[in-house]
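Order as written gives the chain letters A, B, C and D; numbering starts at 1 within each chain.
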Amino acid sequence: MEKPKIALYWCASCGGCEESVVDLAEKVLDLINVVDIVFWPVALDFKLEDVEKLPDKSITASFINGGIRLSEHEKVVKLLRSKSQYVIAYGACSAWGGIPGLANLYERDEIFKRVYFEVPTVVNEEGILPRTYEDKNLGIKIEVTEFLPRLLPLDRVIDVDYYIPGCPPTPDVTWNAIQILLSGNLPPKGSVIGASSRALCDECPLNKTKPEKLLIKEFKRVVEITPDPEKCLLVQGLPCLGPVTRGGCGALCINAAMPCTGCFGMLDRVSDYGAKALSYLASVLDTEDEKEVEKQMEKLVDLVGRLYRYSLPASKLGGKVIKRR
Amino acid sequence: MVKEVIIDPITRLEGHGKIIIVLDDEGNCQKAYFHIPELRGFEKFAEGRAAEDMPQITPRICGVCPMAHHMASTKALDDLYKVDPPRTAKKIRELVYNIFMLEDHALHFYILAGPDFIVGPTAPKAERNIIGVIGKVGLNVGKKVIGMRKKLRDLNTKIAGKVIHPVFGVPGGISKPINEDIAKELRSVANESVEFALFTLKVFKDIVLSNKEYVNLITSDSYTHKTYYMGLVDDKNRVNFYDGKIRVIDPYGREFAKFDVHEYQNYIAEHVEPWTYVKFPFLKKIGWKGFIDGENSGIYSVAPLARLNVADGMATPHAQEAYEEMFNMLGGKPVHHTLANHWARIIEMIYAAERIKELAEDPEIMDKNVRIIPTSTPSVGIGVVEAPRGTLIHHYETDNLGRIIKANLLVATQHNAARIALSVDKAAKSFVKGGKVDEGILNMVEMAFRAYDPCHACATHTVSNSIPLAFYIYNSKGNLLRVLVNE
Amino acid sequence: MSEKPRIGVYICHCGLNIASTVNVKEVVEYAKNLPDVIVSRDYVFMCSTPGQDLIKEDIEKYNLNRIVVAACSPSMHEPTFRAVLENAGLNKYLLEMANIREHCSWVHEDKTIATEKAKDLVRMAVAKARLLEPLKEPEFEVQPNVLVLGGGVAGMRAALELAHWGFNVYLVEKSPTLGGRAALIGWIESKRRGSDIVNAMIKGIAQNPRIHVFTNSELVNLSGFVGNFTARINVNPRYVNEKCTLCGECSLECPIDVVNEYEFGLGRRKAIFIPFKGAYPQTYVIDYRVCVKCGECLKACRYGAIDLNDKPKTLDVKVGAVVIATGYDPYRPFMGEYGYGLHKGIITLFQLERILDPEGPTHGELIIGGKVPKSIAFIMCVGSRNTTPNAKNYCSRMCCTSTIMNAIRIKEKYPDTDIFIIYKDIMTYSSDERLYEEAGKRLIKFIRFEEPPTVSVGPEGLFVNVYEITLQEEIRIPVDAIVLSVGMVPRRDLPDLITVTRVGCGTDGFIREAHLKLRPVEAPASGIFLAGAVTGPKNIIESIKMGSAAAARVTALLSKGRITVEPLTATSDKDICSGCEVCVGVCPYGAISMTEMDGKRIARVEETLCMGCGACVAACPSGAMQQKGFKDSQIMAQVVASLGGV
Amino acid sequence: MSFEPKIVVFACNWCTYAALDLAGTSRMKYPANFRVIRVMCSGRIDPQFVLEAFKQGADGVIVAGCHPGDCHYINGNMKTLRRMTMLRKMLEDLGIEKERFRLEWISASEATKWVQVAKEMVEQIKALGPLKSKLEVMV
């Protein structure tokens, strides 16, 4: 029988997800023995036309990474959806918007203003902005693909079958997911595959160092302490998001004595990562004084950026509520 | 009318870098536009974030060179908090950084650009990829490349936490010292690295330099632009990726400027074009003169060739040897041949490998003191490194809590954007004549592209290493004549 | 649960309480179209037997597996309807109530708006009902001990009965003696004094080994839960032990002289004193709040009964239930209210009671402000029924009877005294009506007012000015004395007790019963019972009855030795819990611990310790912890429904 | 028709829910803009609920429980205090005006306080206008 067809595509991606696939190293070669890669812009010279020529649903699975930032991304993923039996949101950006999703804290105009006018190096007296451009004397039009008002996770644009978490997914997680998909007995639609069903603490080497009652007097910033790498970072005051984050990465950041920032996202029973993370941090804070709570909040510096680092576009509000003019 | 002819093909050709060529009445190229569709706005949404989070946020600009952003950002934090990391911390950072440079350059040479040379420009597209390369050099070599990269990347995973989007950089040092196990592994990998880099040079010589065609291609005028060059140099004006002063030379190889990164705003400015999200940096003192090369144009270039051009030499023996060899063969400094970037890149691989070895054998990297806790109030911080694709600058302003108020990012590929546009223009001029379009233009431009190893994730914050291209050719009436796609 | 929800919706008119503002029929029709709703009905009183049968029959007929009742607050009838489900063989936790009375019909006027809101509330209830699951009630042992707060007639009655049923009773009284108000005032059937009854009860208590009395004591903390409370009691020193012979030498020597609260401010007393004849314990006591420990009493005491080194003690007792019977305060008129405080001839009803008491300051002689009055005016409803700006809006009932009874006693002893009773209405309910008749016979003059009378105090004496409605004219009555018939108000320290015991507070500041008809002697907080005037004005007999009733309810609760509680506890999903330990630090009851299960370290909830607050659920970072009856999914469904979603 | 705000109230069973019952039994009148969700303790209220309410189109949310020290579950309301204090800040960062989200301590006897809070909040939110329209920005 013929090998299943696989497509890989990136939207508003940094390429880290692609790199993580390349990091399968020799496994890439194993993979190529069992599947046909029909589309992978970064590594293979197949073009979108090739995809368009394919019959509907003829691609077994499309792995799409990156958030939906430009109208163009929207078009490509819709094409892939129609050609694929399964669409897999690969990596944090595709699954929940990822770090570029923090752009949803600002309006499109504010972003353009900063990038093309305000930054100190820009010289732009004519006030030029990239937009669909008409060269009057040449009489031609150059379409600059639209920068959407908000960055969207993949599932806000097309139907998504499975999610592979991580920024980026580790080779192990990617490989697990591929095994699951090849195995044939697939989990329910919408499942997160390849990673753990428990929070990071479950696999964290420092979890056993927690005291009996997990309460902390104050939050600490990484700028102010050098934590003992052998003790639970949360207990030492660093707002580690391990407890509220899906496991499966092998506690990479904690191994480097840095707190978890949540790139594997929330667990199945949680519907808003940031709100849940906030509730957990507030719960372990050991004070009954409002002023003290506010003081400790300062230590977190940036609630939204910290607690929605990878998931703002997928959060219940999707970003900042824009004041109506 | 115009609208009709343009919309339809574009929807068919999403995901492509768009090149629009407009002909004059004689049917010669009058003007060429190059448009890379991407923008994410990091400069804006950095605002409000905690400064100490930037080394983890900014790597998401580019997952191909996350370490470069992580390091530039971490150095900006040292500066922000006015704290000088312990010597050991600096050495470990530089070590990790060179490991990164080595594996990233290897990725580019063997997997992204290699196909052009190893498989051959005329080979069918389906073979022009890593699989094709393996077919040509043999599975063992393929495995060797993949294996080497894996070892290097695993090592960085152990030291930096994550190899894609590292976490170990903190203001005043790094999060954790190196333990004995890692050090042991380090020393063995270091030796292998040097051997691997020299092997890569041999591959390049055997396959590329031994082939007259390729050499002509490299030196051919189509790939040549006389521009300024920019790069970091150490106190002896030798190439350095991690630290140093920014040196700029003019098209004749004379030092035009040498400055500390804190003065970058006096030397570098950015130009905005309405038809692309990419901003075009230029030398402020000379100004933006449009897409032309030469001494009177502010356009300059970065990345391996530029770095070697601005430097007086390499800091390690084998690299220095290869450095001299290249310039001798290509007729002295500066070299303006874009394709020479591949060669320069391999020379940098050798330097990186040798530097790894030096640091791996330095007993000081085992020291446990790798962190100084900052005490001063933050306000402004600027950091610079040489990313594989060129000079990378991060510039933050914060409130006294260390919350970012303003951020400016000058990223590697961006510096080359103008020069890439030049290549496109030049290609258009030489391949489109009398309304006839030679399809060789596709190959030619694509190869020029690969030479820069343009990472548009950096330049505009998306990757399109494969540079799929679409050429729109209009007549002087503004009517679309034909659309060319590089298949 | 696997089976598909089949929901019955029942909307109550509550007579006109709901139906007058909510278009019930419309809501019924609306409910029919909600998902999984099989049947939707209304009835005039759902809580009535026919109403309950209606539901029961439907459950069988349509084999419903979820019930939504839209009626009053769940704190009213949830138990009623849960029982209905149980009788119909359904798990009683498959009930959800929509509060369309307290939260809707009673607080809104516009019928359209109220009806729309009622629909929303029903939709929310259905949304939750769809996700309800059958729950099992955890069962556990109970402490066979009871804490009774308040040594008045209600508390003592309850204590005696509980002891009789075999429970150990800790009787805690704040003052230095048992007896309460009844020991000082009140008559029963105009012949037996309150103090007679009190003395009888005290006798019984003193002899009962199961009753442990703590005077000068108060409850400072109550932890735990129904069946297993831990009560912390502060016992303040009496400084005088049982060697005391009541000789009274000490009191003569004591230099401290304070107003005597046991005479309602008429007389004065020393720091070492005996509250009243027959006080229990039968010893003098030193008022620890005013004593300066000068030691004069020590010298005076020939029996070594005084120990000034006596220290306050704190003790914890484990009890299965608590009876609150802390009584009331008399309303204290403000300075100048009907001339109170401006003239010695103006006193309160409580003070009159003491004056007429043989043990009282005048040994029973009618001497008011130093002289025997020839004429007395009683002004009724002082501080009650909105007669004056800062008066309570309720009626204390007992003042009418008490006023008339005292008037008659005065007439018996001093037949020539002119007595006017200036009243708003007379409430001598039940057998007390006879007293009203007798008062008439004894020519006591009743003058009705609509506008409250005024009192003028001048050199020429006291006058009561009142608009006589039958004469249709203002009359001016010169009197020698005026008695203000004041009512009952919540004790000044009641709010503290409400805080400690976490019981609800009612409209008038008394403790609110869980349900006036269904659970009249229980507080909403389970395991806490109520007796006497702590829930509102009562006379002595009513208070005693309520003491017995409370005792009976406690007995019903504890007699089995085991009880079940609501199963709204938290549980941790072993397949999701990561062992992060966040919940452990959050639980106020230490109910959560870490345990090994198939190689995983996960959280485990001790069901009998879990009180079901759900704090750990909100904290649980992975959603592994959920609260039965209040799962994330169930609450989320309500949120969605509350805003129009289904 | 004029704008009638939708306001979701999360109330604890022992204090605030009872206070609303008391308002009912006392026949007090207050605006009908509120939909009450009962939990046993305010400590059960998950910030996710509040965000869901806003997502579903609530113009305002009230989280209410027993006064500090009066919690039926010892200190559940103190956890609420911590969570909601932080949530208030996060909501502001997300562009939701502070008037739209209130944390209130309302004891079982404070029906009048509830009525006053209710009236006040409806006024404030009417002045702010609907939130839903602002959420429309989402593609």
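Some notes on this structure:
We adopt the following convention: a contact is a pair of C-beta atoms (placed from the backbone, for glycine too) under 8 Å apart; a residue touches a chain by one contact, two chains touch by 3 or more.
As the structure is a computational prediction, the values presented were derived from the model and not from experiment.
Legend note: the chain whose CA centroid lies nearest the centroid of all displayed protein CA atoms is D. Set against the C-alpha centre of subunit D, every other chain centre is closer than that of B.
Pairwise, the chains sharing the most contacting C-beta pairs are A-B.
Subunit B and subunit C, compared by their mean Cα positions, are separated by 80 Å. Each chain gets a centre from the mean of its Cα atoms; for subunit A and subunit C, those two points are 58 Å apart. One finds 29 Å separating the Cα centroids of subunit C and subunit D. Centroid to centroid, with C-alpha atoms defining each point, subunit A and subunit D lie 33 Å apart.
In subunit A, the positions touching at least two other chains are 105, 270-271, 276, 279, 283, 304.
Listed for subunit D are residues 46-48, 52, 75, 79, 83, 93, each touching two or more other chains. Of all residues in subunit C, those touching 2 or more other chains are 586, 615, 618-619, 632, 636, listed in ascending order.
Interchain contacts give a graph that is no line, ring or star and is not complete, per the touch definition above. Contacts between chains, counted with the stated touch criterion, involve the pairs A-B, A-C, A-D, C-D.
For subunit A in complex with subunit C, the touching residues are 197-202, 207-208, 210, 212-215, 242-244, 247, 267-271, 276-277, 279-280, 283-284, 286. If you check the complex, the residues on subunit D that touch subunit C are 6, 8, 14, 17-18, 20-30, 32, 35-41, 43-49, 52-53, 56-58, 69-76, 79, 83, 107-109, 111.
Listed in rising order, the residues of subunit C touching subunit A in the complex are 573, 575-582, 584-586, 600-601, 615, 618-624, 626, 632, 636.
If you check the complex, the residues on subunit A that touch subunit B are 10, 12-20, 22-23, 25-26, 28-29, 32, 41-45, 47-49, 52, 66, 69-70, 72, 75-76, 98-100, 102-103, 105-106, 110-111, 114-116, 118-124, 128-131, 133, 135, 138-145, 147, 151, 167-168, 221-226, 229, 252-253, 255-258, 261, 263, 298, 301-302, 304-306, 309.
On subunit A, the positions that touch subunit D within their shared complex are 105, 148-150, 152, 156, 270-272, 274-276, 278-279, 281-283, 285, 287-288, 290, 293-294, 297, 303-304, 307, 315-324.
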